[in-house]
Amino acid sequence: MEFKTSDGRREIDAHRDGSSFIHEGVIVHTGQELWMEIDGRKHKVTATKIGDVWWVHVLGHTLQYEVIEAGAVSSDDDSGLLAPMPGKILDVLVEVGQTVSAGEALMIMEAMKMEHKIVAGNDGVVETIHYKTGDQVAQGAELLSLSD
Amino acid sequence: MEFKTSDGRREIDAHRDGSSFIHEGVIVHTGQELWMEIDGRKHKVTATKIGDVWWVHVLGHTLQYEVIEAGAVSSDDDSGLLAPMPGKILDVLVEVGQTVSAGEALMIMEAMKMEHKIVAGNDGVVETIHYKTGDQVAQGAELLSLSD
Amino acid sequence: MLKRTLVANRGEIACRILRACREAGIEGVAIHAANDSGTLFTELADIAIQLTGEGLAETYLNQNQILEIAIENGCDSIHPGFGFLSERADFAQAVMDAGLIWVGPSPEAITKMGDKMTARITMKKAGVPVIPGEEVDGGIEEVLAVAPSVGYPLLLKATAGGGGKGMRAVHKEEDLESEAKAAMREALNAFGDDRVYVERLLTGSRHIEIQVLADKYGRTIHLGERECSVQRRHQKVFEESPSVALDAELREAMGEAACAAARAVDYEGAGTVEFLVTPTGDFFFLEMNTRIQVEHPVTEMVTGVDLVREQLRIAGGERMSCGDLNMRGHAIEVRLYAEDPANNFLPAIGQLKRFVAPTGPGVRLDTGVREGDAVTPDYDPMLAKLIVWAPSRNEALQRMGRALDEFVVLGCTTNIRFLRELCDNPDVVDGWTTTDMIERLWPDGWSPEMSGLIADAGLLIATACESTNHGKVRISTGGDMSIASPFSMINRRFP
Amino acid sequence: MLKRTLVANRGEIACRILRACREAGIEGVAIHAANDSGTLFTELADIAIQLTGEGLAETYLNQNQILEIAIENGCDSIHPGFGFLSERADFAQAVMDAGLIWVGPSPEAITKMGDKMTARITMKKAGVPVIPGEEVDGGIEEVLAVAPSVGYPLLLKATAGGGGKGMRAVHKEEDLESEAKAAMREALNAFGDDRVYVERLLTGSRHIEIQVLADKYGRTIHLGERECSVQRRHQKVFEESPSVALDAELREAMGEAACAAARAVDYEGAGTVEFLVTPTGDFFFLEMNTRIQVEHPVTEMVTGVDLVREQLRIAGGERMSCGDLNMRGHAIEVRLYAEDPANNFLPAIGQLKRFVAPTGPGVRLDTGVREGDAVTPDYDPMLAKLIVWAPSRNEALQRMGRALDEFVVLGCTTNIRFLRELCDNPDVVDGWTTTDMIERLWPDGWSPEMSGLIADAGLLIATACESTNHGKVRISTGGDMSIASPFSMINRRFP
């Protein structure tokens, strides 16, 4: 079973024994309540699935694991710049065809009462701009795309 | 729609308007959250169904309403004495055929670390005794029955 | 300092102690019966060990099993909480014999305070006032002789008996002889023994207790009082500090008496000395509880002392960390019971399908349960304690009322509404809280004050809910907001 | 006394004020935008009125609409909370012109403190120390003349400018002339104006503020300090009282200065005077916040004063109820933000599918949200404030750590882990909290300290949950305990 995490795609080879799952000395007991056992010590775990993502609270850490269905193609295309959150476009700082360098600001968005710069992750040429000043955008919407 | 309450069976003639229910100036708005409106003031309501019973929290009061299906016969027969909670029979104080008067102790149960007397609600004759000392009983189980 | 403490208890007090351990950097070991598996207190422990066996005797009262677990798991100490084994001198001794630290007073102190007669004698010696009374075995003449020193009204009780047989209240001296003869006759008939005990009858008294702390370095202090007069079925439901019945002078006198009581048995740790206080301001020793008390939070809120943490400190051989008594404002605790107050406070069970506790300023919740938990008949019906603090008693009552209005528990009948009405009750507001208050106010049992409007509204709500199948998908889907992958943003740069 | 108060705010501060109204017997009226319908604060109000319009300007900042609602609903007063209209003198004036009571200081006081230059002049007159500095318009000679009285290190700033242009730090007198010439040149080029402002440069300073209260009867008191140095993106995240940097003497001096500041503008109600305190113990007026502050709970916990209730009292023409300053123990507040601290604290959104707050001794939660609520980008990302009190600073840090470990929020990224690590951070433990602390400790951004074990464990948990479809029916059925009709017992008698 493969998951997408902040470290990239990851998979673990777990041994299943009934309702328990084991990997290198760590045991996870499923059921009405979730418990994890390490060195004979049990720790309460809280987990819930939202969309395709498992949110896990364990030992004071909150972690996220996105389920990747076998054979599915990731929609996360590196050449697109996605809106990090819903908000409004305050300013578009570049034009189609313009050459930009990594770190250069491309757009300014407003969300949560704050301004956020959308910055080029790499050098490239602006290929498409999908929104104009004043537009509302949804989270994850592709704002513009760069060619390498 | 008829409900069983601590006051007996009750029914209300509610007017429905979409997701709102109205009765004598009181409006209940259903949806993701429940709200009640009286004299233009909205109050949050919490309700949840457990088995056949709606538990309702409104204005600091917690109320219970048991749904009665149309045509169904009530299982609550006044001549039976039911266990008020799960527990153990500590003592049976009467015998079949014995004449008892209202208020007389018939059995002693233990539950929640406390002893509880099961007392005759009316004068009568003991018809059947369903449990003996030491038996575990479930909540609502008929312990014994009296004839009038 | 303690390193690893086994908490030999369950429910909210186990949670309280395990949290104190966590804060103090001590590893907390929980023990639990099979039917307590997965409950809140096991979750708050560093290590949770399941007890074998069923029923209290085989589990939470099983001294041998608990000691074995403590030793096997490398514990250096055992905290008994309250109830269960907390006042068992033999267990305290066994713990110490096994080389572990007992978080509590010595077995000797427990024994001396545990036996009412020994305690009475010890207290008299220490100069602590006890309820005036004399055992009489020399017949009617001796009764007449001791009565003046006991004082009126007085109570004649059969020394050998109980259950009201041979008991007579005497309000005036002229009635004494005839009543005493009747009592002795009754006692002889009922128990074959005509000895009687003559005790002052204390009517309209208040139950007021003093919290004490004593460390191994000879320091014994009191932390003011708690008034716990509001009781139902002899169990406290509403506790507060300070008491309206005490002024600074009486507090100091009772505090001194409580410290003297503790010193008389070389007390160590946290303890409570209970007194009856008469309407005229006389106070009499009732008993000493040689453990932490259910209602300890009100003292914590008013004095700013963390009593459980001080217990751990004292047991670990440290000095107590608190300074001089500094009481501030007013605290009230109410006990949330799974019970039906409208039905003679009969215990109730069920699943806590909703358990929404109040929050905000001045509100503390010490709970043993959370939403989704089952309330079973296996244990004490006390689910949680709700404590508020406010600058004044009046504000504390208002705050408690507000907090109880916010408290939603569905799935198990509780005494929330009863507690809520207490907050507005004129006797409570005036501070006229005596131990017989509930019987006095509701001689035929309590039932909620509820307008017809509320009853009708509830019916309308049930109708609306049933018609719309309300709440069937509450929380369970979460699909009503489209949430993009949280990772789509992680690889972007937003300086 | 106030009778019906409109709370012109939302979220946790609206909850805080509405609860205070409830406790004080004042009817609370909430106003809310359409997208705040059904949120916690509307639930805590006696009356909740929906605002028409969209966006802040048409709703929470819409003075006319809010005033109309207040009048239509028979309110006698308006409490603005913080942010939004709380420091708008024109709104305060409009409220008063409409015959309502403004819960806050006079419009004149707001105006005088709202303009930095006016405030500076007013404070200098009142003898409150301000950051030494002089405006210079007479060229280089005057700069050289005023510099000794300002003191070193000093900062030269273009009077007309901003954004770092014309700004020069001068650490030694011998560098002054050349640096001043450069600054004036830059200022002239950038703004066409070569005037500069000479100000003392305060490095490694702490942000410490004093809470004041003043009633209509001439009583002005201070309630000790709050240290709010730990900030990210210029927003506070971790606040405490008392400050390790203050002793009784400095506290009294700063408290006196704060009271003098309040008296200078005939202040009424609750206010906060912010100071910069240098490592050598000099303090300088920064600004006065003429409203209740986000971090007011730490003062409440340490002093035992209910600040919001005192606001309501003072506005209603009563005397404040609190006595002399009585600080006890230590309180810490952390702000729970919906944000990703590992990604430069960028705000986050989502649905709070689980929101399990810590409880127990010394823990207070002031929240604007509860489980199931959606966090949207429409408003400030602060969800709740978690406040702890303990007898000492060390114990308060331990308690906050324990509480944060218990805090579970799933469905929206929060800064819980960041706050948790702060509690153990050596600089925080040592009290070395300066305004630049976060940049100093994590110059390249913060990321969680997480063992590989935890990362692997999380993956194992996700695998186990996905394989077993965990939690799909959590709470939603409740059918796993068979519960008999609760009415079967009501008609029985159990004496």
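All chains are identified by letter, namely A, B, C and D, in their written order; residue positions are counted from 1 within each chain.
Note that in this section a residue touches a chain if its C-beta (ideal position, glycine included) is under 8 Å from a C-beta of that chain, and two chains touch if they have at least 3 such contacts.
Just so it is clear, the structure is predicted and the values come from calculations on it, not from any experiment.
*Asks:* Between A-C and A-D, which chain pair is linked by the larger number of C-beta contacts?
*Replies:* Between A-D and A-C, contacts are more numerous in A-D.
*Asks:* Quick one: report the Å distance separating chain A from chain C, using the average Cα coordinate of each chain.
*Replies:* Computed value for the inter-centroid distance: 50 Å.
*Asks:* Between chain A and chain B, what is the separation of their C-alpha centroids in Å?
*Replies:* The computed centroid separation for chain A versus chain B comes out at 51 Å.
*Asks:* Return the distance between the CA-based centres of chain C and chain D, expressed in whole Å.
*Replies:* A distance of 38 Å separates the two centres.
*Asks:* Measuring centre to centre with CA averages, how many angstrom lie between chain A and chain D?
*Replies:* Using C-alpha averages as centres, the distance is 30 Å.
*Asks:* Identify all positions of chain C at which a residue touches two or more other chains, and write them in rising order.
*Replies:* In chain C, residues 342, 346, 348-351, 353, 356, 405, 411, 413, 474, 478, 480, 483, 486, 489-490, 494-495 touch at least two other chains, as defined above.
*Asks:* Among the residues of chain B, which are close enough to touch at least two other chains?
*Replies:* Counting only residues that touch two or more other chains, chain B contributes 5-6, 32, 48-50, 84-85, 116, 139.
*Asks:* Using the contact rule from the top, write out all pairs of chains that touch.
*Replies:* A-C, A-D, B-C, B-D, C-D
*Asks:* Contact residues on chain A for chain D in the complex?
*Replies:* Contact set of chain A toward chain D: 1, 3, 5-7, 10-12, 14, 16, 19, 21, 23-24, 26, 28, 30, 34, 36, 38, 45-50, 54-65, 67, 84-87, 111-114, 116, 139.
*Asks:* Using the touch rule from the top, collect the residues of chain C that touch chain D in their complex.
*Replies:* 15-16, 19-20, 22-25, 44, 297, 300, 304-306, 308-309, 321-322, 326, 328-329, 340, 342-344, 346, 348-351, 353, 356-357, 359-367, 370-372, 374, 390-392, 395, 398-399, 401-402, 405-406, 411, 413, 472-476, 478, 480-481, 483, 486, 489-490, 494-495
*Asks:* Once bound in the complex, which stretches of chain B touch chain D?
*Replies:* 4-6, 32-33, 35, 40-42, 44, 48-53, 64, 66, 76, 78, 81-82, 84-85, 103, 116-119, 121, 138-140
*Asks:* Going by the contact rule at the top, pick out the chain D residues touching chain B in the complex.
*Replies:* Where chain D meets chain B, its residues are 38, 42-43, 46-48, 478-479, 482-495.
*Asks:* Considering the complex alone, what residue numbers of chain D touch chain A?
*Replies:* Residues 342, 346-351, 353-354, 356, 376-377, 379-381, 404-405, 408-411, 413-414, 416-417, 420, 448, 450, 453-468, 470-471, 474.
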